[in-house]
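All chains are identified by letter, namely A, B, C and D, in their written order; residue positions are counted from 1 within each chain.
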Amino acid sequence: MELLVNISLLFMLSLTVIAVVRLKSLFAIVMLFGIYSLLSAMIFIALDAVDVAFTEAAVGAGISTVLMLATLVTTGRWEKKSSRSSFLPLLIVSITGAALVWGTLDMPEYGNPDNPAHHHVADRYIEQSPEEIGIPNMVTSVLASYRGFDTLGEVIVVFTALIGVLSLLQVRTPPSVAETPLRNENRKLSRPYPVLQVVALVMMPFIILFALYVQFHGDFGPGGGFQAGVIFAVAFILYTLTYGLDDALALTPVSVLKALAAGGVLIYGGTGVVSMLLGGNFLDYNVLSSNPVSGQHIGIIVIELGVGITVASVLICAFYAFMTRALPDQGQKG
Amino acid sequence: MFATATIALLVIMCLALVRAFRGPKIFDRILAVNMFGTKTVLLIAVYGFLTGRPEFLDLGIFYALINFVGVIAALKFIERLEFYDEREER
Amino acid sequence: MDSFFNEVISGALGRYNYWVVIFLMMSGFYVVIGSTNLVKKIVGLNIFQTSVFILYISIGKINGGTAPIVWANAERYSNPLPHVLILTAIVVGVATTALGLSLIMRIKHAYNTVEEDEILAISLEEDEDE
Amino acid sequence: MDVVTDLISWIFLGLGIFLGLTGAFGLLRFPDFYTRVHAASISDTLCTACFIFGLAFQSGFNLVTAKLFIILILLWLTGPAASHALVRAAHTAGLKPITENSD
């Protein structure tokens, strides 16, 4: 049965990809990319990677799709007919693909427990992490503790990407207080989607509650800082889409977001420095408390918080920068 | 019983996928994506019961959410594009 | 002869998902090198990236295993290491996608097009003018 | 007792499968966008409910059931809202429904 699910999901993925290659309407391509992400997240669930499925759905079907759509608004929705011949790319792709397939023939069979990939460190993570770190979700303990350096690097990459985006695109400054009454008056006159606004308003607190649940329940179930950060960002994206950029900017000013993005990285790095001051290695949480296991607990909760804050504020801020380009005069329009 | 439900959901997803490919209008595609997302949520729920570990329903909650936000974003940007033309989407 | 066919079939069953993933990867690659529209290239890049993720996760799957979260009834768990690697890779992926898309927006602003060959033609003209 | 709950959840799941397939065929076979929305969104709402009830009878009273009902509420909130917004956007964009005189 699991085999059948797996095969049909892979089949649907291939169909989606073929459609993406053939279509010329970029809007349709981006919508299909959303489907592609949802499907691959479903495959991750079928392959037991629940944490990864969480992240992929959030990032691929959520954030990436929204950012691509925002880009399409400024760049136009049709792909021009290419003057280039498609023969050479096809040849290169076929040769590369054939070489890769040839390479898989030497790979060990899929799913065999004796495969070399499942031994060495993986055994240790599975057998000892519940005792050493004391939390049931092995992915979180590997992510936050055993491979804490790596994760710190990733958080810094995300932060750097925000710097890049902000140096390329400006976020609009919201209108001053003097203009605000007029704007509100305008909005009352032409409320674009009252039903959506009500639904969004009802959902906002629950989304944020859910994000907090994912953030702090990440030790016990699928979830953690990365996923919770994206969910926070999704809440504000929904608000921006239904109420307009100006209201969202009034709610979360860009200066605060920038400070939070840097602050998250600081919390993460600071935990490492504190553990050094207490006599351990960098990011060695054992020394944070008299009992190593509760030290690990404290360390993981703190650094996951840092990750969550950084990811959320980076994504919200990047989204605002994109919206500034995509919907420049939404304040007047309502 | 869960196996039957899983197969039925996969068939429904395939049918929605066909509509997403064929268009013809962009709104048809968005509708198909919306339906596809709903069925994915149900598939996650049923698959959890099928494998005997139905505790990952958090994912289902989140998929429902992300699907909604995706559809709203698509509509919002379409509205802005002012590019609705009678051309068939191919 | 029979044993040869049996070997081929069992080999194919053990590797079919690697092959599908390679097909997906190559389609993404084809979009990147074959199309001239920059936004479509980004979509192709994302497809390529996601199929690499699927490859990693399928390497981590163990038959009869379950998700690597401690569970009383579990016989064995799938390998958590690829999950960690891919989880962080996905978030870095969205960060780079955002950067790429904002570059495309600037290119549209500067050249008024996002088609690769038109941009090349414009910048060649500018070079000749100088 | 077990037989009864199994039977009830079978009935719910069967109904859900039937409604889901109806909606999917409607999405595929109906002539224009507005009729497709009709087919997809109406069947979707009840289909979701049937699936969730069918699964809830299987799981009994625990956290899983609570999560199932959260999913149900969320889908009931977002599904109709999304359909409404979709039709409204299509109408604003000038998409004409097929009427008796249009052919």
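Note that a residue touches a chain if its C-beta (ideal position, glycine included) is under 8 Å from a C-beta of that chain, and two chains touch if they have at least 3 such contacts.
Computed from a predicted structure; not experimentally measured.
Chain A has its Cα centroid nearest to the centroid of all protein Cα atoms in the structure. The chain pair with the larger count of C-beta pairs in contact, out of A-C and B-D, is A-C. A separation of 15 Å divides the Cα centre of subunit A from that of subunit C. Computed from the mean C-alpha positions, the centre of subunit B lies at a distance of 11 Å from the centre of subunit D.
Each chain gets one centre point, the mean of its Cα atoms, and the points for subunit A and subunit B are 19 Å apart. Centroids built from CA atoms put subunit D at 32 Å from subunit C.
Among the residues of subunit D, those in touch with two or more other chains are 74, 78, 81, 85.
Taken residue by residue, subunit C touches two or more other chains at 66-67, whereas all remaining positions touch fewer.
Annotation for subunit B: residues 30, 51, 55-56, 58, 61, 65, 67-68, 72, 78 touch two or more other chains.
Applying the touch definition to all chain combinations yields A-B, A-C, A-D, B-C, B-D.
Across the complex, subunit C meets subunit A through its residues 10-11, 14-20, 22-31, 33-40, 42-44, 46-47, 50-51, 53-54, 57-70, 76-84, 86-88, 90-99, 101-106, 108, 114-115, 117-118.
Those residues of subunit A that touch subunit D in the complex are listed here as 193, 195-196, 199, 202-203. Contact residues of subunit B toward subunit D in the complex are 1, 4-5, 8-9, 11-12, 15-16, 18-19, 25, 27-28, 30-32, 34-35, 38-39, 41-42, 45-46, 49, 54-55, 57-58, 60-61, 64-65, 67-68, 71-72, 75, 78-79, 84.
For subunit A in complex with subunit C, the residues that touch the partner chain are 6-7, 10, 13-14, 17-18, 20-21, 26, 29-30, 33, 36-37, 40, 43-44, 47-52, 55-56, 59-60, 63-64, 67-68, 70-72, 74-76, 79-80, 82-84, 86, 89-90, 92-94, 96-97, 100-101, 104-105, 107, 109-113, 115, 117-118, 121-122, 125-126, 130, 136-139, 142-143, 147, 150-151, 154, 157-158, 160-162, 164-165, 168-169, 220-222, 226, 230, 311, 314-315, 318, 321-322, 325.
Remark: subunit B residues 51-53, 56 touch subunit C in the complex.
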